[in-house]
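A, B, C, D and E are the chain letters, set down in written order, and residue numbers restart from 1 in every chain.
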């Protein structure tokens, strides 16, 4: 299952998280309804090798952000394990076991919400250093802040300003400066560019690639944008209703998508290369995660679904390119034709 | 809906038990009840007998249980001030307060809501700005000052309206009403104006704020973009969404009216429960205070519960029996 | 024959730091049945242009200059009532968030019926028939039943379909769709775009599609107008603008979008960010970020000038000699 | 640095809005005058009306100095006990404001703490706090204040009633008003708690209380300021009302409400100055506070900008 | 616009309401309400006088405060301890029952029942013997020179009615039950209860079958308690009320100047005085022992208080300063006793220093705030004056019920009390209740514990002395001793202060009791 044979930096297996959305006890009693558990993450396995980037893609509600939070200890898993260089993190919350946690940091989606608006930038960037005690001396800390600000493309003088004095892209740079201030080895990036304009998105993506090269960082990258994911990732995992449905090297996913859902995503992404493409759009929406369809969650939207798909959840099996969770792939009912590639050839 | 109802009722019962506990504590700790019951020169023996007779020698929770059992039947004992049954006192006073509060509530609704709508729709007009300022004056004027001024002008200078009391009342069963006589109606005017003024301005300001909030929403913008008439937008779309939360406000407001009636009744010598309560506070008349507290709490709880139920039945989003959204729309 | 003609449209916001110009000298035309994409980064003024056309600029904003003509008739100076009759009947609008665009306390049917009856002389039952028909046309299953349900009982995609039905039910000639798919998932987004295109084809309505997503524009629009800092800087057919952008901003923007199937070592990027409305540089607003900046760019504002491939506002393409 | 901070403050939206709002300017000038009068009451007053030894009965019931029979020693006249109305108002204002501020601070401290706790911790703690708040909120403030007052009077020995009156009032009013703070702070805290900067702080190992106080609290204080301002007006009014009802400050230490209650007894006797002047000061005080609060609410409301 | 609309409607309503009060209805407003209708369960003066309209005693005071026959037509001293009363024939109760001897017997014994707070008001009654239907003998424990005075205050109820309603014993307010007689009345008086709403309104109608020739022309009395003096005055001025009692002194000028209303003012009988805690410790002091037990301190207090100023300012010149504990109209008064110690702050300070308290001391000073004319104001002024000589009185003003309960329980150091000697109209009332050492039967209002053997001895002698001259001399001697000891500090006789509409004709007696059976309305 591991992309490489050497020991991975992060190893996630059987990760589960459910939320209790049940009605109050009295209502359940009267309406004779069951407890309602939402399985936001339902048995996710992947590993990330040092220095590589794994991306998780999927539509809203697929559980990709929950995975990020579970790994960072922001919420406790209901089951499964998360190992960072062999250290089990699943039962430890954020910030607690400092030695390992210091080596993991996170970049958030919303540059407007991820910086405390009442704090000056220098204080924001210095907080992890202070908290983890990497730079106990305030002056040294400030010098480090100035260095980081310049490193991410801002000026040392910007440390005295408040976040609202910066544009979205600049704020995301501040966020990155904070994230790398404790010299972490692993960064979770939860849609770091989805709130940014396209021209700024490129700046941030380039900065992140640069950081990875210079600092040898390992990324878990969460996004709904396949094109962005394509640019940044080594491996890509596609999630649907709490489960990984396909995991493969980036190039393989785009060239030879296995799972029907991966194919659907690739088909529906608006693409500037596809001027006035006109084709039938697949109908249907992501079902309510409270009441997911039985068997393969994707079967109601899948053209290849048969009786087995409706009844039995497929396993996460090895495929030609990686892993996929699909009976049709397993049974070879799906031809590995790459319509996309064919289409793309037109351009 | 049934589940919601049952939960609200359980909550209400807990609230009432807590209020009863406060009332009970008042009995136990605000002066020894035995002292008020035995002659001054009573011996310790006689005191102990009274204690036993009243059950004061039993554990506290037993006493509490008995207190609740008696309270549930409306038995709060005798007023320490005039040795009459507290339940009778309150029953005598209840109609006066109820009628006053009713008239004030209707007045504040009938005047407050239209003014709130008006000022929300024309926020920059001179009239609306003036009203907005006046409403601030309204909530800044102490109600007793308003009452004094009303008496001074309408009773003393102009001599038009009575300055105290309910005028003539007519008994219908145990209920005494001032609605059926001219003097009763006249007597209602000044007190109800005084009582409603604060609530009226409050209601007006709340309706205004709420409506302006609604008028900024996307669905109003979208309604405008569809070319709907101002009338349809303001009254069909905006007003409905405004008035749903106003129901809750009105519930709270009824409670506020009952409480503020204390001041009005004091100023206008209105023979209601509030005046009784103030006298009881002044005299340390615990049974009356406790009973008033329990009765008023009960009224509040009933009002709040009905308002919540009403709210839930009016707002389509809260109708629990409907099916949820078909897909994962969030 | 143009359906909509916008000339030198300028919208200003008086503020305490002087008057802010949200959009300046915007010129646009929309032909009947055409889908015009309006693209730009947030704050570029694309939504403001849409709001100005439909006459829904929030006070204290106001149209300071310019003309808007619909089928040859000026609509920017109509009185409240006349403009109200234009909205919905001749210009429809779709907003970004289907969740908040529908009144939560009225059923979908009530909202459709009142819109239909506002603009068309129809009896209530006829209006209801038409409402159900529209629900069917936008792809709501079992519309006879769904017509009496409330918006919160619909999923996100279904709600946006209802919004489209509401915008189209009086059969306006022009639809202004302001980021109609931004709040939706990719797979739903594709359905909505396709639906919008299909319905406009059927009714012959034109669309101004406001979005920041170049992919949506590429797949949907006939022509595209690129906005930057309150101005239109380039207009042309989708094929021209996307494949051969001429304005340095458009070119940089197109290059910076990551594409599936391409994995460059480094993405081309435009440094800096779009200026705020109150800090627009002199001359060409793009000049501080422009790799091909010339002397004149800091002094003189380039005008939108037509040439063979469309219109572009850049001194590189202006006919006057660049000094 | 400090000058730049100053100029930043001067240049902020709030300051700008303040400079350009007539109501804000007028009401704050009035408030500065009234607060100044209260703070410097001992210096400004010609008499200490709380010191009964200073009262000289032959000076009773003098009208204001401009009315015939008035004396320049007693600018606004005297009451039946020869208390100088002007001095009484200064001291009464002081008492009213002390009660007002102290109860607002008490309410704010309780409300903010419980609101932060409930909003941040959530779960059962939150449910208990909020149910309690709901119940309290459904009881009008004046009633709860009366009740707290009544219980305090029942518990305290009568000889301490007068000395304890001010603390009882602060307690009674403070305990009734915290709910608003708690609800608002809880609401904002729940919003802030979900924001990513809080998650960032958690990732960085900041403790719960640390996040609550150094991260979340500064971000929820805006609405608190508005509530506190409006609440100050309400607290002063509640104090005045309780005193008017005779369960507030005693006649020997009159607050504005007590002065009005006493004056009211003489309203028809032609001794109008005893009731009119304190009433005017009370109304001006509360109105100014409310005007300022109103302005502040609009100025801090991003939707209205 | 809105305003004008409101005014019009108000005026319309006013039109409807006009003439609601007929010529013979007297609308009567007082500061407090009665406690209930049972005449034997409360001692409150106002309740008591109100009962005079409904119930009647055997003998009564007329407007000149002379005793005249009422339910008894005449009486005889059979023995020194047996007095025979002959009842009026043909008197009926409101319920139709005829008055007979058993009613009198039951009523008198009811009044002295251990439960009755009135029992001290008929001292010495041992038994009542029925001679025949219209004759009773009162058996006394000893000679009772004041028996008739006492009897003016003891109301006669119907025995059958009491028995039928299980109310033979007076209500014990502590028993936790409400008596029938509290809310129901059945008397022989000039007025019949029509309705009652406690604290709101009590309506009486004229008794058409009254045995006496009515001097009034009233058909109805509507009594309304109006606690607030300001409201009471405004109600009078606005014509909603015909008669108020008391009328605040400070509003006298305004009432006099207003058209259609007038003040009714006279010196009253009620002497206001301050009592002292004379026990070993102060209730609320900062020194050991009790300075107030030292007569020099009490004199210092008297010297410190400028009564003339209080009279002129607080009482608007309407009170009568006094050095005696009884009013001039009451037997026991002499001019010599009426001399006060002069106002002399310096002397006061000297005396305090002599007593060992040059820096003063704290003590509580308790006053009612709703009982006497300007009671709270007097106490505030006194507190100020005491403060000026260095004492630190802690003023506590409370509603009458709490105040008197506290004062009687001895929880106060200096307290205010008013005493009108009613119903005796005799100095013995003060001697027996306030100056005699507390012994269960006498000294019932001597909570401070003043005790002087000579005063006790004289009081006991006065009680049974039938010779007026001797009695008077003994009273003067006793009062002189009390005065020397400053047992009580006399304040003043408070003025009678009523106000009425001009058409109401009233007689005002010095006992401050409103006798509406003398009232006429001349419209």
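One rule holds for everything that comes next: a residue touches a chain if its C-beta (ideal position, glycine included) is under 8 Å from a C-beta of that chain, and two chains touch if they have at least 3 such contacts.
This structure is a prediction, so every number in the text was calculated from the model and none was measured.
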Where subunit B and subunit E overlap in contact partners, by chain label: D
Chains linked by the largest number of contacting C-beta pairs: A-C
Length of the line joining the C-alpha centres of subunit A and subunit C, rounded to whole Å: 31
Rounded Å distance, subunit A centre to subunit B centre (Cα mean): 54
Whole-Å gap separating subunit D and subunit E, where each centre is the average of the chain's CA atoms: 45
CA centroid of subunit C to CA centroid of subunit E, Å: 90
Sites on subunit E at which at least two other chains make contact: 228, 234, 237
Junction residues of subunit B, two or more chains touched: 152, 156, 266, 282, 284, 324-328, 330
Multi-partner residues of subunit C (at least 2 other chains): 155-158
Touch list for subunit B against partner subunit E, complex: 36-40, 77-78, 81-85, 88-89, 92, 96, 151-152, 154-156, 159-168, 176, 182-183, 185-186, 189, 266-269, 271, 275-276, 279, 282-284
Complex interface listing, subunit C residues touching subunit B: 54, 56, 80, 84-89, 92-93, 95, 97, 99-107, 114-115, 118-119, 149-150, 152-159, 163, 166-167, 170
Residue ranges of subunit C touching subunit A (in the complex, touch as defined): 41-42, 155-158, 185-191, 193-194, 197, 212-220, 222, 238-239, 242-243, 252-254, 256-264, 266-271, 273-274
Residue ranges of subunit B in contact with subunit D within the complex: 11, 15, 18, 22, 26, 29-31, 136-137, 139-145, 148, 152, 156, 213, 216, 251-252, 255-256, 258-260, 262-263, 266, 277-278, 280-282, 284, 286, 289, 293, 296-297, 300-301, 304
Touching residues (chain side subunit E, partner subunit B) in the complex: 10-11, 13-14, 16-17, 20, 35-36, 171, 173-174, 176-178, 182-183, 197-201, 224-228, 231, 234-235, 237-240, 399, 401-402, 408-409
